[in-house]
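The letters A, B, C and D name the chains in turn, as written, and every chain counts its residues from 1.
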């Protein structure tokens, strides 16, 4: 693991997600840019002190020296955006599979380079767009793919949060600090941090790529250096249209990612904050509510639920689905087997490139007087 | 009443809304463009046969001849859009107050003319943007006005319906027929029929006017002559931004008008389909759900509820609030009194002009390559 | 109308409900036990002063003298419980149909007498158990009758309110005053006021009668003279079992009547506070939410909705369904026609007798050491 | 771990819950009563083959021989009810702490013996009444304890499930099989399996013990040997009253445990299937919805949430809270430290005794003609 030391948020999430299914064991890490903090974090985590490294470079080089059966099987990168590229690149160049937090990296050039490296090395690369790990998101995608809702016409995807309604980056919040700092986050604030989740979710479920967009990007909090709100009109392939809005200044909102997809036969609706329900509004029969763990789901959904219906699964379980599927694929590689296609399903470096491209285009559109920007 | 004969929809709604509070009695009508059908409808409604007129012209002229104590007190116009202007104009010119269904009329020129007539005659004119009649909409407006949610930053207003997902205008539906016919509806379909409700609701609650918009207007159903879907970016006064989307092709949606308004201190959310709840998300304390009939509402909300909390009030009660307030104002005129300001609250011809202007601009923007169109 | 003068609650509800559909006109009344207050209330309601009577006796005798075409068609009784019997009896004895608020009367003897009078006179008698007027309650009943949910096993019906959590009868509340006064309310408080609604709803939907009950009846507020809370185990015909609990001391609850009925094939759930949805949980397919105004309802439900799905109908519309159906039946009598069976559906004096019997037995059980009391 | 081999359900839940926080490692097990199956299960779980034992007796004896630093720290018992007592007793007698699935054991005598053993040995004993592990359950308990809702008057606790609506025990379902088999489950079916969860939840949150009950216990599915439904009236300490109903024949219900507690100042409501919300209905101010991860919770709630509000935590996280707290207490023992009281919070053998007592009394009451049975 690279990053995720004391005081970090997403590192702990990655560790819980990786541990849940008993498929993955944390064996080493460079948990902080400070070697001492890395050591201390290693102790917290009961890691062999020899494998709590002072830097990711050291970690990759030292682990590579270990016999195959003992060395780490892959690298997890859980640092802020500007620190994704270097460890990802080095891991790939040294033959390690990679799990990387989103967005993929700092800019589109890095993204293209990582994509090229993945193609050249043939290594596995997972990007933790974790919201696609929810069973009912898989169900929605399967329903679209099977034509259950007909041809898609309209997609509305929203991601309102409220935690940056005031200037919390000035109050010492580490999470707010780097996310609003262009030198760490890149050219986008909210649109990179959560807008890309919304974009990824829409494309994942619909199977349609965004072709054009028209964005109204704002920074509402005075003195903030990056956007904290964006409203975007979308054109998708095959004539579908849509709206994406994401914000971190929607006072009182927690983490309200949600999506609606309307086809010619039915509409789907899913809320991340009540993730075990998928609302299906049929054109000509009563509204249905499909449920995680229910008996009538597609295999892709059923395979990503762990417990019977009514025992709610949440954010960590969805996150864990990314890790578990990745682990199954890594193990299949090691064992020279094929993985069941239902598990060969996690966001990859290509999703990351699309996300970085979305960031570039949505910020450009925000500054443009022209209505539409091609994606 | 002008319109609302056999087979009509909104005419019956107007009649129920007007009857609910015992303030208004239906005394005459020109219920159809066919004199025979008008007579028959008059019989259905137990109207004095002599006052079931063959045309609105006849109705206005004949009623005017009656002594003041017997003649109708105002005219209700419930015809399709292209038939609003002529009876409204004639009623005003002959000294009758008017209640008119929305949108105000067929085009912006008619709208301006009606506004001028209302100003010149000093008569009362109510436009039935009925959704502003709900108690919790009044509550939301009062909260904004009192600064409870701070300065408004973002407004999201949605109006998805699904009843025009297929080409029902070809199946003999009278309601679908005129709404998709440019000669009856005007230049807009969905944006005129329901987009204006969304626009009116947003401006009513927020107290902010739309200053600029950027629209993506679509006709999804092949062969349909007017728009059935629109996604719009909005700029409001005082720097607020927003999104409006309205559609009649959102398969499975009933009548899902809803709005969220985020200020610097709190966010408000209201759903027309569960109209007795107003969700308030505070920045620094738990989410609250305010309820129609509850004990902690502003006077403007309390005055528009009829029964205790938990006895749900609905669409007809909200519609009736427009009529009751209008009736109170008409009666105050007749009696030479002042009406309590809490009841002097219904949409007027000015709202109608703003709505017609919105229609013109949103359709123009839909055809424009420029990003922003001034409103 | 008998009762419903200034300061009353349910009288106004009856008037709005009666007015909504344009079928019924209020022509006379004895609105108060004080003749002067009755006159004033008559003025408020724009009644012909000659027909604002000083007592119900006067009203019945004077109206009877009028020619048939001018006299009232039926009597509405909206007084407290102890004042139901006398006007109901006199109206029936003088040939007038009756609408009466619930519970039917003061004790079981009165109830049996009224039932006998209705049988002897053949007059129409409606009891305003208004909650059975909701379209989705009709839908639930039709689904049960058609075997859609299989054989009923379990019924849970609840009616929690919170408005008597403190001793509001001491604060001058007229509504609380008579409801907690044994001389006006009878032997039961909450169990009579709302317990009977719950009992009636359960029997109406299920088509099953309660055969045995076991009650735990409480008065939580010190010094209150009647019960304010009750929990009851139920046995129904055909082996179904159930739970009924009703309370007026459930702090913060508004008017949360709700019911669940579980059969061998599906379970139904309905909430009065969101009355336009009926939740259907199938054994072997996804949960459905049926909606008032939707296209897939049984005729009994469709006939009791006025407006399209998504335009919420509420308490007054359900109440109005009782009045409208009663008016249809009265008119059919007058015209010597048959009424469409779908409208020949309102609670009658028999429901009233069952309700009074329930009150007797549930209070008796509350005092008994034996487990089961036969109903 | 004792039990939880291939085909088991709750064993996997225990393993995921124990793994989540990185505090506990599965080191050995007797996963099945068949030694071969135990070995195979051990392989599935990547256990050292030497420590995949053929029986719990072997496991306990062999592990005891290992040096303290290598031997297991505690035993987890995840077998059917009739197989709890023997391993629990032997573990305690040999000095191992115990985590045991609920209900505690097979009958009240075993329960008392285990309680005595725990007292004598001073060892730690956790019972996985996992629903008390939810943060919002902790919040509810803290609110009650702090007097926020005033004095408790009424408690309604429900646990409807539908999975035994048909006779699935005849279709080869292992889960249904033992739960409906008196030789494995004990004297109770639904009342033991889920009724005890409801009882435990009510007592945990309210801090009040049940003193008397009156039960109506049923077996609806023909040929089933144990109860599948029960409705129970409750008396609690300090004059509170309540209703408990639990069922496994409520067609279509998933796992709908929920509770309402009404005090003199407010009412609380919590649903296990939407566990991150706690509804608070105040007597004199708007309804609030408290949320897991929100900023205004009591320390007991905050300490049991892992991620920010809006990132839903579910069943496994609540289950993991039991394990994590138990692990903290075990570790504190090992290190001779005090554990923070906020973590010294998990169901113990005393809860287990109360649960077994509840089972005895509720089944006895179901057969009794007397109204009340003392608990």
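Quick notes on this structure:
One rule holds in what follows: contacts are C-beta pairs under 8 Å (C-beta built on N, C-alpha and C of every residue); 3 or more make two chains touch, one makes a residue touch a chain.
Since we're looking at a predicted model, the values are computed, not measured.
Chain pairs A-C and A-B differ in how many C-beta pairs are in contact, and the one with more is A-B. With each centre defined as the average position of its C-alpha atoms, the distance from subunit A to subunit B rounds to 43 Å.
Centres computed as Cα averages put subunit A at a distance of 55 Å from subunit C. In subunit B, the residues that reach two or more other chains under the touch definition are 253, 280, 287, 291, 294. Taken pairwise by the contact criterion, the protein chains are fully connected, each one touching every other. Subunit C makes touch with subunit D in their complex at residues 149-150, 153-154, 156, 158, 160, 162, 165-166, 214, 216, 218, 220, 229, 231, 233, 235, 241-243, 245, 247, 249-253, 260, 262-267, 280-283, 287, 368-371. Partner subunit A is touched in their complex by these residues of subunit D: 9, 12-13, 15-16, 19-22, 26, 45-46, 161, 163, 253-256, 272-276, 291, 293-294, 306-317.
The part of subunit D that touches subunit B in the complex is made up of residues 280, 284-291, 294-296.
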